[in-house]
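Below are two complexes that have chain A in common, paired first with chain B and then with chain C.
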Partner chain A sequence: MKGWKGWLPWGVVIVLLCIVPWFLKAYTLFILSFSLVNIILAIGLNITLGYAGQISLCHAAFMGIGAYTTGIMVTHGWSFWLSLPLAGLIACFFGTIIGFPAIKWKDHYLALVTIGFNIVGYLVMQQEKWLTGGPHGISNISRPSIGPLKLASAVSYYYLLLFFVILAILSSVWIIKSKWGRAFMAIRLNELAAKSHGVCSHHYKLLAFAIGAFYAGIGGSLFAPLLKYINPESFTFFASFEYLIMVVIGGMGRIEGPIIGALIITMGPEILRVAEAFYLIIYSLILILIMLFLRKGLVVVVDRLREWIPVLRLTKR
Partner chain B sequence: MDTCSETNEEVRPETLMPLLKVDQLSKHFYKLVALSRVDFEIEKGEIVGLIGPNGSGKTTFFNCITHIYPPTDGHVLFKGKSMKGLRPDQISRMGIGRTFQLIQLFLEMTVLENMLMAVQEHRGNLLSRLFQRDEAEERKRALETLAFLNMAHLKDEVAGNLSYGQQKLLDFGMVLMPGPELVLLDEPTGGVEVEMRLKITDYIRKLNREGQTFVVIEHNMDVVMNLCERIVVLNYGEKIAEGTPEVIQSDQKVIDAYFGVQE
Partner chain C sequence: MTDLIQLLIGGLSIGILYSIVAIGFVLLWQTSQTINFAQGEFVMVPMFVMVGLHIVLKLPFWLSFLLTILASSLMGYLFEKLMIKRLLAGGVIVIVIATLGLSAFLRYGMQITWTPLTLFFPHIFSTEPIKIRNVVFSSEDIWNIVIISIIILLLHLFIKRTKLGKAMQAVAQSRETATLMGINVMQIITLVFVLNSILTGIGAIFVAPVFFVRYDVGVQLGLKAFIAAVIGGFNQIRGALAGGITVGLVETLAAAYISTAYRDAFTMILLLLILLIKPEGIAGIREEAY
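On to the complex of A and B.
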């Protein structure tokens, strides 16, 4: 569907997300804000994994690089707005380096290489106290302001995150709809065919990692002032698994996939807290059931809804 | 022995040069000799058949030319330029298109997307592929090629839903998309029914009349003998014969290779 009508349901969702924070308690708002950060990260991983098919289990390390860049810079008096692009670019640089093994290895071999990188990243964050503050991390990371407008309150920072989520979605759509996006898909679907039709898989694999890491760096940079405190425990390779789960559960290689996945995986455990001791069991069971019956991810549910609800049919797939 | 040395300094003017010149090409897989000192030449506008019993090294020959496997020895010149050290994608962009014995498509993409994918890397540079979305010319060419193959009505069909014969045609169409100077076809009519086989050979012949150069690996002797002006025969990785279809049909070595030596 073409034209403005195609974007209508998205617009409704954005308006809802704009209204919602005024009705939420502080903790719930924090969880929703954290979900927004995770959406940015999952969008990045969706490009690397979902579109280009390159498994990356070090997404949390890229996030950590972004978070520490902002943490260190802001606590040393630099502007957040300078640290934000730098966080993305430094993560992007490391993403490109991690992309090199992807040229030679794939699947579980590549997974192991990326886990290795995440562990090294974690150790650096934990051991290099002079830079990262060690296990205690960095505290007092102040939230930014735009001119006279201070974004210190939870609600105002939520709006900043929402703005970056929209930017992340639009930019990822733009990349995916470009020839790069098609080349990413070609490599994932049939690398031999891609190569024999002139696709330089080396370049595109590096790009897929670099772009994924850039989003993770930006996400990390936005995460640091959200919590105002960062430590290495947020960036372990278990966190990387969570991002993998978000993309897979949401629906790999679909624009809506990481958005749904990030929301469910971040908010799911909080909602299930009412089940107290059973919450992890229920949570795990739900994940297993989703993978058993919805292998293409929860995005399939949205597709079904689209068939039933006429207005949703207008959204682009 | 270093026969893979740089050969860019070829002196013959381009017009006198064969389009593709293969010199003493060898490929060893550990101790297995898949190709042994094969010489091969093709001039612009020719259709050359490459035949031989199963396991004779025909596909390996294609794989070595397109660097899916780098050759162990020997060198390949395309338009007088050495292809040493190039990757398969670079060779494709140089102007050598190929198909595989097993069809290689992007099954989840539509027919049109497959066609566009086959040409997008042959134009512009990496950065322009992010910013320039105007595909009008590429789209036009894709639709024309599909129309030529009588597949225009299938343009929005997902490639995975096509019949085997249609997939073969799409594979063929994709190779033609960037306008390669040399097309290597690995069993273009393998596994398709008679009608489709005739259709595909007819397309190859039509394109050849317009000047397109082909090397065709084929098991079907009717197709090879009718289509090709010249035939090269491989057996156990060695070239055992070369000549017109009439010469090949009466060559004792070829008969022995196909039917076994009469005691």
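On to the complex of A and C.
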């Protein structure tokens, strides 16, 4: 970063995001809020997949664990602020368990183990009515308040989400720049070489899953009061595919990647709705084309723009 | 006891359908490290082609069957030429995303251009129940099991005995060495993609009367076949066969005896157990091709 100027474009984006909710319709604001939640989840997956190179196809299950933790606790009269860290920690616990297979397996095996976990998780959410309310899920999840300040309105909850998104971005930058982040990248690039330089790949793979799951748990916990209602359908393995797509389309292993990916994948379908029945076809076609011609993800486009527009050049690549 | 035998035959006949789709997964993974998440759609599309030719255009069965296989192999050929060839350098994740996209594209494309409804497909074989002592089962099940077994056997002989089959094995073991031995690797990969879509095309004809023809039939089928391939062993044709049959049997028996709601969970638990105890799969061999 070139001093304070490096942060300028980020600051402009944040100020814009602060102003924008006052001009949006209720539904558009909801979609924007939802994409903020998705940014938090995608940032988590980016650490597991983009930096540490471990395929995880159960991110939605971790999110579900977080969402149900908050949903159950809040409807039983506990404070949201207590449930939030707990949601993260419980998801983190399951993430660590799912990390164990990653020590042994790669690629399609790992993809499958994680899909398997997601399917079992979904079935538990759907069947264990005493805990999760079954297919009907949990409703009337009230939004939290900070002291006397109630966050019940859509706009105020949006600001809370924005605060957590900024927190998530900063914390992920911090993790990636730390010793952990360097170890993750070493494992992804060459596990053998990493090991021979004294990086215990077992520990770091578990850690990568645990951190990814923690972000997913927090994201899930924030998701529940946003909708005020959760059911198992939000946490199928298809949703996990969505998060995988966000990270890859945005650009794996880049800070901006998951942010761009989450925004585009959440809002894109809404914009494409003008195409009515064809929107899913167009959407999947765009996906294929991006993979064919922009393998590194949409951050490459941003990089190009940076070369053309001088103001953007200030941000670090 | 009679229940058990009936369930075993039913499970076996479902399982062998999973097997023929799973074998394609194994072939693709072996030669080109492709996880094809559109595998289920490669069964769904030929189903619709078959319906179009046989029921809508009223062509005779054998002709529409041949044309379906032809259309299916053309699809596999284009899939390799237009997509996979360009993506191979990008690694597993890029191919996963692209095939996920293709899967959605084919699925919703079929829904929009043809129908979101379930179409019925006439049974190829008589469904007349056969009764031996107290055990009753449909003759369709038996035909499915016999014919698909023969097809898998032929494929096995092709890979083990012919020169092309041996070239496939060589590519699976090491692309570099195969190239040095004068094998045109890209040509072999194309061949495997065509072979895969021929298999899914044949599979489609047998799957259609059982699962019915619907635009989203491929989702479950593809996933089950994928699980079957891993349970059985990702590096063996007989692994995919064993895996498919295991999944079919476990599913049927668990649904009948334990819990219908958790039917899919049992397959998953089996999968986790296999991966923990014998990660190379039931019939898989470590570090050896086919």
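By our rule, the second predicted complex is superposed on the first by the 316 of 317 C-alpha atoms of A that agree within 3 Å, B and C clash if a C-alpha of one lies under 4 Å from a C-alpha of the other, contacts with A are read in each partner's own complex, and residues count from 1 in each chain.
Just so it is clear, a residue touches a chain if its C-beta (ideal position, glycine included) is under 8 Å from a C-beta of that chain, and two chains touch if they have at least 3 such contacts.
Please read all numbers here as calculations on a predicted model, not as lab measurements.
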Open item on the list: So in the superposed three-chain picture, is A:111 touching just chain B, just chain C, both, or none of them (first/second/both/neither)?
Closed with: second
Task: chain A residues touched by each partner, larger count belonging to chain B or chain C - done: C
Open item on the list: Looking at A:140 after the superposition, I want to know if it touches chain B, chain C, both of them or none. Which is it: first, second, both, neither?
Closed with: neither
Open item on the list: Once chain A of both complexes is superposed, is A:291 in touch with chain B (first), chain C (second), both, or neither?
Closed with: second
Task: Parts of chain B lying in touch with chain A, wherever the complex brings them together - done: 66, 68, 87-90, 92-93, 97-98, 100, 104-109, 113, 116-122, 126, 129-133, 174, 178
TODO: Going by the contact rule at the top, pick out the chain A residues touching chain B in the complex.
DONE: 175, 177-180, 182-183, 185-186, 189-190, 192-203
Task: Parts of chain A lying in touch with chain C, wherever the complex brings them together - done: 49, 55, 101, 104-105, 107-109, 111-113, 115-116, 119-120, 123, 126-127, 241, 244-245, 248-249, 252, 277-278, 280-281, 283-285, 287-288, 291-292, 295
- [ ] Within their complex, state which residues of chain C touch chain A.
- [x] 29, 33, 35, 83, 86-87, 90, 92-94, 96-98, 100-105, 108-109, 112, 223, 226-227, 230, 234, 261-262, 264-265, 268-269, 271-272, 275, 279
